[in-house]
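Shared between the two complexes below is chain A, which has chain B as its partner in the first and chain C in the second.
Moving on to the complex of A and B:
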């Protein structure tokens, strides 16, 4: 073996690691925000009586869910400029992750909508709410509570997926670990630190979500 | 279009090789991962705490680390443990433990949903625990495991693209090489995405078939 651990390099570069971690969290947060908008729009679109929107949403969801995220990222970053759509690194990554998340969140919101009891909707209609008011004041609050656990797990897996940003040279945590690895050859230290940071963050988010779920009791 | 077909004809063998390697890697890691998952799941459900604790720690750690980091870490780190593996082998290792951790949780969930009385009944007719497992518990757990198992298969096909980062010549890396040669980014990345879509659609179909086959009549 003959490998001695030297965590001095990690200590000296720890601010880079933390910066990478923060960037990853920010990317995941931006992606889940945009993804939620896409998911909500798609889920409500399938609720209507016209068959065409449901058909289109179905194609979108199955196309995205069956394509690897890395291919989507590379396609949007490298291939879209050929069509004249030129995005910056960060924008293109957030966009890729958002349409990826949107497909999964469509399913999440659809399940959440299906979990809204019929009687509540009828009650809303009985007191004369319009369709929009019904969606805003009656259906959404129950739907959000139904979706909370799934939204949480989606956020955690999106945060883990931000590691793919390293492939298009966005300086997040995996990129930093790789950089330190090649610059200093402290291989074991670099990957151990990155792994522990990812793991700790995921556990923290999961714990926070459990608290949140306890705050909002199930309907 | 004609230009694209011409380039496609030149690249046909590279693409076919990549596609084959993708399928091989996915199949092998699903197989190894399911085996690991089965052992982990049984250990998590029926093991005593000295067995359960380390498995729980391993499963939770693997599930909390991104696959890309798992792949890169096993690519760089296994060498220090004195294990010299090629890129394909270390990628296979990473995907297998990733699949194993997820399958472990799935199998634990399925086994725990079976009423304990089933074990008592098995004991009452004089079966040993391994026999109870094989003849009583696993067949019942299969009904829950099958649909999710197929999903995990599709996830692994998608995760296998990450092996391109450590230089495994699977479909995505082959596509990147082809694009590097002819600069037809749009066409070839779209084709690559479509091929993955095809593989996963087939798996999805199989999953629907399996869940119907194992459904309770």
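Moving on to the complex of A and C:
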């Protein structure tokens, strides 16, 4: 162990780390937003009586969940332009992470929907709510509460997955650490800093979500 | 005046025939109770009237309108979701397991249908909901969530939720079966009050004494058919059907 830690380089480049962290958060936020819309649409689509939407959603979910995210990112970034679809670097990554998030969130929302008591839905129908009103005023609020813990875990996991954006040279946190590593050879410092920043951010998000769970108590 | 007329109602769950041709009329202001063993089709009958279940044959006429379907024979079609919702709002239903909206307060539970289905202004809906909570003796629990209420209180909120919609017909499905014995009384008293006020009710119940004392008429269902019916006092005192006699004996009546 002849390694001497020198955090001076980190200090000098800390603004790069923070920029990388902020970019990662922004990417995660955008992907989660789109992914949530995909997930909600897919989860509700499986609720109907017609079997086709359910089957399509099933194919989408198992296709995405059984493919490594890294491969999805590389496919969309490198292969789609060959097929004539050109996206910017950031758009390409957000798109990748969003369809990936959508598949996982579909399952989270489906579990949340399954936890809405059948009888409560009957009660909503019985007072004359239409299907849309039922989904909006009865099913969704209960579903959200059911999903909250699983959503938190998924969101944190998706934030960590933004580190994969480094492979297509998006200058987020992992990219910044690698850059500092190669430029200064302060290997341990660079990766320790990135790790600590990821860890602290995830713990912070988790704490926020716990607050949210406390604010909306279980029924 | 006939409010509800059920004619030749049949219902299958897959190959199993649950209702085998039920005929039943309920007059305005009448309280009719339905008794019978588990699986005799009582609950399914109520759920058909509330259009929570589709049915295979026969018709249900509520206040002069055949509900749930349009056309006859091969042209018979289930109505669209929107129209079904509109027709469901004509009847109120109270369930065995209360089924309150868990995320809404007692007041919120009663108000939802008023604002979203009856399109009442919020203030007006709130006043009406409060007055119904008061009638079931729960105005002091208006801001409580269902999880903060006892079973009997939850069921009384559910009654207020159904009645506030001013339904033409109220369907009660074994509403005391999930309650602790000491809480049954408060719910039944609420129903007695409604009966006295002339609310038309169709009551599926296992409370024989309640059926006898409150219902004008009692129906005994057996194997998907009405096996016997008559004025409650008479039916309980002098049952004719052998299965009904057996059923009442087991219920200690």
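Assume the second predicted complex is superposed on the first by the 217 of 219 C-alpha atoms of A that agree within 3 Å, B and C clash if a C-alpha of one lies under 4 Å from a C-alpha of the other, contacts with A are read in each partner's own complex, and residues count from 1 in each chain.
Definition applied: contacts are C-beta pairs under 8 Å (C-beta built on N, C-alpha and C of every residue); 3 or more make two chains touch, one makes a residue touch a chain.
Since this is a predicted model, take the numbers as computed values, not measurements.
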> For the three-chain model obtained by superposing on chain A, do chain B and chain C clash or fit?
Replying inline: fit
>> Once chain A of both complexes is superposed, is A:194 in touch with chain B (first), chain C (second), both, or neither?
In response: first
> More residues of chain A are touched by which chain, chain B or chain C?
Replying inline: B
>> Applying the document's definition of touch, where does A:171 land relative to chain B and chain C: first, second, both, or neither?
In response: neither
> In the superposed arrangement, which partner chain does A:128 touch: chain B (first), chain C (second), both, or neither?
Replying inline: second
>> Under the stated touch criterion, which partner chain does A:53 make contact with: chain B (first), chain C (second), both, or neither?
In response: neither
> Which of the two partners, first being chain B and second being chain C, lies in contact with A:120: first, second, both, or neither?
Replying inline: second
>> Just to be sure I read the superposition right, which of the two partners does A:152 touch: chain B = first, chain C = second, or both, or neither?
In response: neither
> Tell me, in angstrom, the smallest C-alpha to C-alpha distance between chain B and chain C in the overlaid model?
Replying inline: 27
>> Under the stated contact criterion, what part of chain A meets chain B in this complex?
In response: 1, 3, 62-63, 65-72, 74-75, 78-83, 160-164, 166-167, 174, 177-178, 181, 187-188, 191, 194-195, 198-199, 202-203
> What residues on chain A touch chain C, complex-wise?
Replying inline: 117, 119-120, 122-131, 133, 137-138, 141-142, 145, 219
>> Can you tell me which positions in chain C touch chain A when the two form their complex?
In response: 50, 52, 81-82, 85-86, 88-89, 91-93, 95, 97, 99-103, 112-113, 116-117, 145-147, 158, 161-162, 165
>> Using the touch definition from the top, list the residues of chain B that touch chain A in their complex.
In response: 60-61, 64-69, 72-73, 76-77, 80, 82, 154, 157-162, 164-165, 172, 176, 179, 185-186, 189-190, 192-193, 196-197, 200-201, 204
